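Note that chain A is present in both complexes that follow, paired respectively with chain B and with chain C.
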Partner chain A sequence: MKVKFIILLFAIAGYFTSCYDDKSNTSIKVINPLVIDMGGAPTSMSAFLLDTLEIKPVVYKIGSDDADLSYKWEISGNDIMPFVMDSTMTLKSIVSVAPNSNPYTIVLTVTDNRTNLQNYEKFSLSVYSNLGKGLIVADTRDGINTDLNLIMCQNFTESYTQKFDEKDNTILRNVYSTPNSGMLIEGLATQMITSVHDSYKRTLTVMTDHSVLRMDPYNYVLEKKNNEIFYIPISEDRFKPMCMMYDNSALYELMIVDHVVYARRIRYGNENYSVNLETSDNSEYSATMGCSIVEGYNYTSLYVYDELNGRFLKCPYSYDELQVVTQQAGGGPFDLNNVGKMNALFMAEGDANAIFTVFETKDTGKRYLYTFDGGSLYVTTSKALNMYDLTSFPGMMDAVGFECSPLEDVLYYATDKKVYALLLPGTNPSAFERYSVEDPNEKITSITLWRKGYQGKIKFKDSSSDEGYYTDWAANRMMVIAIYNESTKEGRLVCVPITNIGSGILEKDKDYHQEYRGFGRILCITPQTV
Partner chain B sequence: MKMKKWILYLLLGAGLFACSDSDDDLDVNDTPKNKFRVKEITGKNAHWGEYVMNMVYYYETLDSIVVRDKANDKLAVMTSSGTDNGLKYSLNDYIPNIDADSIQKLYDKYGSLAKDSIPLIARELFSLSNEYKNEILVAQTFVYNKAREDVGSGKDFNNKYLKNKRVRYLYEYDDRANLIICRVLEDTYKKEIKDNEEFDRLVYKAAFDLDGNAVTSMNLYQSDETYGSGEDYRLDDTYSFSYSGGLLTKVSSKTLNLEYQYSGENVSSVRYVDGERTYEYNSDGFLKRVDFGNGEYMEIKYESGHGDFHLFTPLIENNFNLPYIK
Partner chain C sequence: MKTINNLSGLLLLVFLGIVNYSCDQEETMLFDTDGSVYFTTSDYSYSFLDYPGKEVDTIKCPIQIFGKASDVDRVVKAELVADDTSKVNTAPEELYRVLDGIVPANEQLGYVAVELKNTDDLKDTVYVFHIRVVPSDEFEDVTYNNRIVKIQFTAREIQPANWNAYLRYFWGDYSTRWWQFIKEATERTSIPYWPGNADKETWWMSDGEFEALQVVVKRELKRYNETHDTPLTHDDGTSKGKAVQILY
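Let's look at the complex of A and B:
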């Protein structure tokens, strides 16, 4: 009864007051709301790292000028330092945060600058990685710092089951600086290696002349640097990385730092380099260069060149020392333990698993190619095969790069304008011009044989086929030539098929060359194999 | 006793509302009611071919439409439903829900009688959502779907329509109820079936300048797509409106050119860059026939009463003085 009375009282009071014109409220003006209209678009979304993320709402406040509204798109979550992605009505931004199993949060804050009225909209962003196998290209735009780029395409990524379709080619630029807050690699990259085994830990190691950086090539976020990847720290004044090598049989990475060799077993998720390697006879050494065995499981030994003693040192399967080489009986054209006073310019696996080394004499500046059979990881004996005086071959003394191939007895070398193939079989090796750049502003900066097996294909001209070509694996059949245009400041890569194995013939028909443009000066390249 | 109490409450409530001032400053209730409303449209288009469309009203609101072909078979039905802040109209095609082989088998077995045995299913071709605030139309969303080119057969049969386009208009008026700003979200869905849920979006803003109630120009802005530009909108195009004797005769811009011809005060034709539409009127001044210039046409019949069929035309078109069916 009491409740009924109260209701009735309120009702009657309402009736009498409803028509009362309350002047105290006439100065109140209803403020129009700040509207964020998504037009039916979802507020949860996903994107791949380095994708361009676009979110397009319409924001307005009836009766207000759009120019009075300001915007802030801020991303946070997963322990990142929150940062503003954009400050316009529609968001357009590169996804630069690392892939994570938990979504990030993006908050759009809209402010009416005249009234300070604000409205918010919250978005959820899941970030995945689509960065996979391909070719990593280190380049520089300023001649001081380095950034990385990833090419995923037929030549470098293609697996056996995929069709050769160039429209699927992707070049992801600035893959290092983008997820690292715009930070570049200080210095110029000299070498890079990717590795993984047992699915434990993917690694990309990048080297400059004064630093080593470690990251996951699925997100390129800098994880560790310099001594963080060495079990025993190297003093700062001696931290001078010189060369990296990779052994695909024993599954080790090697690094020469200030003439000392360090090994890292890449199995079981090990990320760090062990203590420096000593020689088997405890003699001093001064390593300057080594060769990688990037493909195959034939247990070919990896070697380093000891400039102090003019000798080659062999890496055993256990990588616990550098073995002094025992030359096979019967000698050979040179002594593997005393090649003289030489600077090593190039070392790689060549024909029939022989180790090819290009030397320059310290006194006369003459150039030589030494080849030797390195034997296997389990056998300490090695055999010198041949020694060639390269000095008089055309362009040799101006060479900017060398290359050889496990499939042919050929030494490729390049000047800044031409690529030559030096055919080694027989008693009179001959050099032939195989490629040239015609633009006076362009210079060849390096040549690299694509050695990675079962990853990457290339088109070979074939007039008998309906399509005019056939495709095959690119391993040891594709030369990657880096070119820099001094005028436009653009670097490019040209992939040229090696048409005749044994003769070092590069396809002349440019329709069968694949080209990748838009880089700065290319410093080094490496397959992204994991 | 209970009933008496509720009547008392209702009366009190009516008293409260009776004296309340409307928040709405616009003269929305001044719009005159039409004497007639569309009852039937006979026409031809690329989707249905020749068709007859019949409208049913609930009081002054369009309630449903049935579309039939020349043989009087049902092609499509439009229904309406209430939403939180307005009405949604959904036009569904009625299409066979079995594959072509199965249809042929029915015909082989039952001859011409098979037609009645073919199961049909409704697939949404079009929808329109109108949103109101204080009785003012503040937003319209038009959704356009399309039939699959290949519906497959057997276990791969799938006749679900694909999303094609979604256009959302957001309206802003001046204090005389003239449309002065129209913001547009235009979503174009990806054509590939696997990506059909994804769309590319364009954001526009059309801002009108008026002299009295006559539009003199329209600036069309597009949201700035340039990364890091710092701009929200950039001017995309300017439309100039020309008048003669108080009648709009021309709209011209970089991308659009409309030329109007009149019969009395009614637009008799509009010439586009790539075609012309012609319009005929009945003695009451209502649209009687529209020819689209490509063989498609509409003939319109009316009945007494006010209707809201005009809502199927985006409001922004009114500012271009394009004739519409009432």
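Let's look at the complex of A and C:
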């Protein structure tokens, strides 16, 4: 009886204890989590190309003050090769990816180096462009490769809303290499042009002596190169770009490659150059230089200089050939179809739409200025106007740059130390020194007249006004001088107002000179007008 | 008297009322009938020679609508023309298949797809068959224009599909010698220029590029004629025996 009771007792005890919870596999050690705390800041953001983007999360491991963490901020999306933007807790990096209507993804990966535990935070970045109109500056810091820079400021940008003050100028440096994964333009840029027709494709074309690059100045991402912008390919040994020209009335760009002229219609977004142009009389030619007509709507004709025959060839509005020039009866100071054995150094639109050409004789002994009226779409004949022997003017045989203006009968020229204005009217033209560099280490490398209308303004000194100056459009009234300091290796631009139209007078008061500094050796500049 | 006055008054009133009512400005009639669809070409030729390695390919015969565009894709149906004695179909049935065509939403242009198969016979044969558009749910009346497309396919040299549609307006009649000359002058194996054809993948060439090629052909022809005793002559086709002429 008692045994049965004891057995029952054991059974009851067993019953109560048999369903004992096995806690052996719940002896978990809790690992302290990694926390990425954005503090309420949004994870979706936007920035401009070339802005500095900062994202500041607070990252910590709970319960551990001295956590050993590493960070990786990686950006991807829109067909780019993903890359790491930063490796510290706070992201601070220049936005170098091209603007796109779809946002990019940035992923922050935090790793606890002791446990290999990771945590992630995802961000969405929309990139916009504020690369607008202004001045594009091509420079070199190593003498071998080129990079581009964009200046947006009162002098170069249309209706720029910032105050006319040095500290409000925007200079975006390395505007080519940054969105192109750090790659520079191989070689030294010789010329650049921007163009567009209505709202069709914007283009910026950059030329070196052996290559041509094409990009959208909205983002500077390289799009096409060399033969990709020619419908009929040019052989590699002849791919030697020499000069680019622009016709603002017919909307054509021209390029001279190894002495042959190619034309590109800009209308309706056509991107490429067509087959080479031949002369109207089927004769051989060897073009070396041409002029542009960048403003004006009176259909003034463009010209190229044919060194082989010592003649000018006219570009018709249809750009389907190079026309042999028909001159007005009555002769003139020279024959447009036979100027002799000359090398063209400079060609541009000068006073009253005349074409100004600076020549040097083949033996480099003398320099001349030839001016002629080139006619237009409606006036088919041309007329030689004047011929000036430039040789004896001060510094002329050492001149590194020339310029002229549609508004004045003046030839500007620069040595590496001074800028002169040669006043042409009358029987005895005279040259006057208008600007000089004082620093013995500095050299003038080029002079360029700002010709673009309704884009860019400049202050003119005016003692009769309350503020001492007035502001006006810079077109044909601003000389942009490029200077290089051999010892500091710094290039800079100086914008000088042309005060008296007709006398080539550059403002002497340096308070009215606008300066842009911090470049390498400046190779060439062009207005960004699209 | 009074009655006549009243009557005239009433009549005048009625008259004015009718005048007002009857002289409504007539509204310009908008296009109101159902739309239709038709082929924009009467022939389409394809050669497997242009696409080495392909055993099956799909050609797209261009069509155009008249009437309003729709905001949804519309299906177009086509069939083999088997009941017309003037249109002889020599192609074996197993080598081709007429598929459905489409006019994409908001578009005026579309295509009818036809699948073609390659075979050894094609190396020295040109097979022919004809298709026409037939009524479908979305296009009930297809009698406008009533074009029949003669489709030729082969693996030999053949007049390109865009010759009659476009190239002939610049380069005149087709002949094997002339087409070969054009290809040699431009250093190309085809000239895929067909503005207005919705198939932009096959016919991708821009106006600018074609214009450049025109000039190249013109210059090469001039050079050829200046350096040979006889000018370049068509060796077959409609202008066999005649000198090649550039039209434009």
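We adopt the following convention: the second predicted complex is superposed on the first by the 483 of 530 C-alpha atoms of A that agree within 3 Å, B and C clash if a C-alpha of one lies under 4 Å from a C-alpha of the other, contacts with A are read in each partner's own complex, and residues count from 1 in each chain.
Just so it is clear, a residue touches a chain if its C-beta (ideal position, glycine included) is under 8 Å from a C-beta of that chain, and two chains touch if they have at least 3 such contacts.
The structure presented is a predicted model; accordingly, all values stated were derived computationally and were not measured.
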Partner chain(s) touched by A:K56 [first = chain B, second = chain C, both, neither]: first
Partner chain in contact with A:V30 - chain B first, chain C second, else both or neither: first
First, second, both or neither for A:T90, with chain B first and chain C second: first
Touching partner for A:Y378 - first (chain B), second (chain C), both, neither: neither
Intersection of chain A interface sets (partners chain B, chain C): none
Chain B-touching residues of chain A, taken from the complex the two chains share: 11-12, 14-15, 18-19, 30, 35, 37, 39-41, 52, 54, 56, 58, 60, 62-63, 66, 69, 71, 86-90, 92-94
Interfacial residue positions of chain C with respect to chain A in the complex: 206-209, 211-213, 215-216, 219
Residues on chain A engaged by chain C in the complex (per definition of touch): 231-232, 265, 270-272, 274-275, 278, 320
Of all residues in chain B, those that touch chain A in their complex: 8-9, 12, 15-16, 18-19, 23, 139, 141, 166, 168, 170, 172, 181, 183, 185, 187, 201, 203, 205, 223-233
